[in-house]
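Common to both upcoming complexes is chain A, partnered first by chain B, then by chain C.
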Partner chain A sequence: MDVIVCVKQIPDPETKLRVAASGKSYDPDGVKFTIVNTYDEATVEEALRMKEEFGFGAVRTVTVGPARSEEALRHTLAMGADEAVLVETPPNAVLDPLLVARILSAVIKDMPHDLVMVGKHAQDDEAGQVGSALGEYLGLPSYAFVTGLTPDSGAHVLKMARYVEGGEEAFGGPFPAVVSLLKGVKDPRTPTLPNILKARKKPLKKIPLPEALAKVGALPGAGNPTSETLAFTLPPPRAGAKMIEGQTPEEQVEKLLKSLKEEAKVL
Partner chain B sequence: MDFSITADQKELQTAARRFAKETMAPRAAEADKKGIFPEEVYREAWKMGLMNLNVPAEFGGSGLGMIEQVLITEELAHACGGMTTSILANCLALQPINLAGTPEQKAKFLAPFCADYNLASFALTEPGGGSDVASMKTTARKEGDHYILDGEKAFITNAPHASLFTVFATVDRSLRHKGITAFIVPRDTPGLTTGKEEDKMGQRASATSTVNFEGVKIPVANRLGQEGEGFRVAMTTLDSTRTPIGALAVGIAQAALDHAAAYSLQRTAFGKPIAEHQAIALKLANMAQLVDAARLLTMRSAWLFDEGKSVTLESSIAKCFASDMAMEVTNEAIQIFGGNGYMREYPVEKLLRDAKLTQIYEGANEIQRLVIARELLKRYS
Partner chain C sequence: MTLNIIVVTDQRDGTLKGASRESLSEARRVVARAGGGDVVACLVGHNLGKAAEEARHSGASRVLVVDDEKLKAFSAAGYAHAVGLVAAKVPAPHVFLAPDTTMGRELLPRLGARIGGSVATAVTSIAPEADGSLTVQRKVFGGRATETLRLRGTPVITLRPNAFGIDASPASDPPVENVPLGDLPAVAQGVQVTNFTSTRGDTPDLTEAQIVVSGGRGMKTAENFVLVENLAKTLGAAVGASRAVVDAGWRPASFQVGQTGKTVQPQLYLAFGISGAIQHLVGITNSRCIVAVNKDPAAPIFKVADYGVVGDAMTVLPLLTKALTKQ
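On to the complex of A and B.
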């Protein structure tokens, strides 16, 4: 049983973003990138856990991104993935989530895949579309918001769990399939130094974007962007807090009520 | 000349930075305040392969070069100098076995440290003398195929938790340094006891105590090298661990600079951030120069070591300069924080207390200066 995990490198949550000159994305200059999106890292761990517990074939990781994304793939190799594939985009290319899913599906079709796994969403654009779209483009069932899975190779089904209002739901379904994961059974492992060095020698295949796009050509609607970014803006700066002065709590409450009625107009 | 690091080295540095930030830093303040030895942190460090960096890969160690050790050490020390000392102590304690051990001794004693979490201690210093190694009082008396060890060692890092000690004792005090001999002593050997944990000024996440030897009987097979070779083993060990101490000091100082710069941009006085006052900006500029210079000296020493060159002079310069620099930079960081800097609630006073030890241990800076002067004067005579 071979597993493919799709990962994405995202800006470090602590990095300060600036709007690019185009006004349609952030300026990648000076942005620190995390190793890999947290949900994707949890998904790699879940795939490796299943490989260790159920003796799967191989775990392969795939990303679509600029050259720096190789760091993210090396990290997954240091965690224990066997091979990685980078679809290399130009440095500042902004790809529509559905186009990313098309590219991934075209690449994945050429690889053994009993299970395709993704994190539930990337923490930068929070689009959360790739998982479901992959299911569609690959013609596979897709399961979302999964919190842990167990394959039953004999019966050819996956047993899964996911959070629902007030509890956890156990459900199952056939595979090959696409699973988008909320969290895995275990916390992601930290690669050891010897494994980090070994990861440098594991196979990492690079596919230039035009070559991947040529494969996409065979898919319906290929090349037609499904969405367009009109503007990228930072949240408005927060207004300062207003201190309610007063000698007694009663006086302060009175002033607060007045302020809520007359200034904020919420009462 | 190329100042860049390789992709492998960058990756190791990133991994160490991540470990320092996620596992060490959150526990640093409490461990310092209460003097806790955070064993769970050390176990995690061991799991990641951060602990036995200098043990060759054939025995299960990380088998890294000095440049890698220096890069990793600086990252760890940025989070906590005390924890870093305890993490590095295995490198110091096991280096005599790396250098002077027979293949049998290496297989027997190095492998357990890589197969499982274990701590080792380097027992050289005595209560009566740290720098004056040749006046050592701990004795080793040969009886048949055994040695009997008697004496006391002081300020031994990780001693309360160590399962193995590399011990230096003299077979004949009148021979001075020519009588010193190195031994491998497992903790469970009868007659070996450790004293109470010292209540230290800084580096309080690291445990330190005396080690007592009362008729400790160990087989001749546990002797490292020949009788009288111990002094050379100790000195070559310190030649290889002095450079990472420079890096440890650089890590502490970089943390001080980072805190001070961030604070100076937030704190306002006279209507603007204090960073915009020249008095503070010039301080920050001086601190940055010192940190940079010390880092470069440390990296040069590491590079020479990896080239197989002698680093007695360069590692002494790096260790001495970096530790003095760390005192100055942490002191200035407190000054920039003002009254807040003197409070334990803020992170910078710990950095000064942690930095102080780097001037004292692994060869006091006075000894480093004597070494530097001796090496220097050779060139003029």
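On to the complex of A and C.
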């Protein structure tokens, strides 16, 4: 059973954002990048956990991103992934999520894949489209908001749990499939120094974007099938809280309720 | 330019969710601004009688239903196929809307990929353009920035719950049109739900709640959390918790708000004894109004809150509950 995990490197959630000169994205200059998106790191961990528990074949990681994304892939290799593929994009390219899914599907078709896994969304664009779209492009079932999975290789079924509003559903479905993970069973492991050194020598294949796009071919559907970013804007800096003063806590509570009712109108 | 908007509603528990009615309301407003068209409620699932009846009175001009036992368990592949059957009964040009619930978020990107649509998730505004395209806005980076997108071709959009509002529905009363499913495609077969564990209790779900009351490490013990729950009960609010509270084992992970927990978008978010680590803040910045109560006047949460009270959560909580109960 071979697993592919799609990952993305994103700006650190605490990094200061500035608008790029184009006005259509953030300015990557001076931005600190995370090693890898939190949900994707949890997904790599879940794939490795299953490999260890159920004796899977290989775990391979794939990303579509600029050259710096190699760092994210090396991290997944240091965690224990066997091989990695980087579809290398120009430094400031902004790609529509469906196009990313299409590129991933073209690359994944050439790799063994009994299971394709993605994190529920990347914490930068928060699109959360890639998993379901990958299912469609690969002609596979897709399952999302999954909080844990166990394969039954004999019956070719995945036993899963998924989050739904108001509770959790236990369900099963066939694989090969694409699974979008909300969270895994275990916290992601921290790579050890020997594994970090080993990861430097593990296979990492680079595919230039034009080569990957050539594999994609025409997108289905009529018209222009992807979204166009017109603007990326930052809200005006928050003024900070209006502090509710008072001689006693009772007075503070009274003033707070008055503000919530008459000023904010939320009560 | 007229648009026919197909609203894929969410009725996982048999009744039309508030977020689905909100999507129907927004569809009416967009159709009105675009210069006319149908608002088509599209219901997919099994045992939809009650939800279909609700959809007739929620602003739809047509109600199309694919009701089949084979759709009892949700699957993105099966539901996308069924939505396609509905779309075939509606004249183009189409726009697809759904609430950004777990179902909407899982289904619409698959539908978008299937029909070659132009997809945006969790949008907060929709503006029709003269050429039939739509301009939409959505929050990114945990609410720290806004993206404006142009969607051409067939727009496929999920709507952030509570961002649009529900209008009183006009007096339209369309008949329910049943669309037969036929066979499910092979890719959609074999999904079975074996069990459902409710975490709802007496309070609304965190991600759907209009008011959320959350507690952090400042609550000091698991037992003190009853103060948070009492206020939540008084307000009909959902209960949330910071990661520190979940890590300490005071409340299960399903209560956690933030990066590794849930993202909330209520009208009012009340944070007690939460200092405001960035990983918590990214889960709450879509709230309309944030109130923070914390002993430490330098707590980072006061930077993002709208109202702040420097004080002991344990003192302020019961006072608030008492004042609200009296009314």
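In this section, the second predicted complex is superposed on the first by the 230 of 267 C-alpha atoms of A that agree within 3 Å, B and C clash if a C-alpha of one lies under 4 Å from a C-alpha of the other, contacts with A are read in each partner's own complex, and residues count from 1 in each chain.
Everything that follows uses one rule, which is that a residue touches a chain if its C-beta (ideal position, glycine included) is under 8 Å from a C-beta of that chain, and two chains touch if they have at least 3 such contacts.
Everything numeric here is computed off the predicted structure, so don't read it as measured data.
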| item | value |
| --- | --- |
| Partner chain in contact with A:L234 - chain B first, chain C second, else both or neither | second |
| Partner chain in contact with A:Q123 - chain B first, chain C second, else both or neither | second |
| Chain B versus chain C as contact partner of A:R200, first or second or both or neither | first |
| Touched partner set for A:A67, first chain B, second chain C, both or neither | neither |
| Which superposed partner A:P191 touches (first chain B, second chain C, both, neither) | first |
| Which of chain B and chain C A:A93 touches, first, second, both or neither | neither |
| Partner chain(s) touched by A:V253 [first = chain B, second = chain C, both, neither] | second |
| Partner chain(s) touched by A:I35 [first = chain B, second = chain C, both, neither] | first |
| If touched residues of chain A are counted for chain B and for chain C, the larger one | C |
| Chain B/chain C common contact set on chain A | none |
| Contacting residues of chain A [partner chain B, same complex] | 35, 71, 74, 78, 190-197, 199-200 |
| Complex interface listing, chain B residues touching chain A | 7-8, 11-12, 14-15, 18-19, 44, 47-50, 53, 57, 62, 64, 72 |
| Footprint of chain C on chain A - complex, ascending | 11, 13-14, 17, 26, 38, 97-98, 101-102, 123-133, 135-137, 139-145, 157, 162-174, 180, 183, 219-235, 238, 240-244, 249-250, 252-254, 256-257, 259-260, 264, 266-267 |
| Contact set on chain C toward chain A in their complex | 12-13, 17, 73, 75-77, 80, 101-103, 105-110, 112-122, 135, 138-142, 144-154, 187-200, 205, 207-208, 211, 254, 259-260, 267-268, 278-279, 282, 288-292, 302-312, 315-316, 319-320, 323-324 |
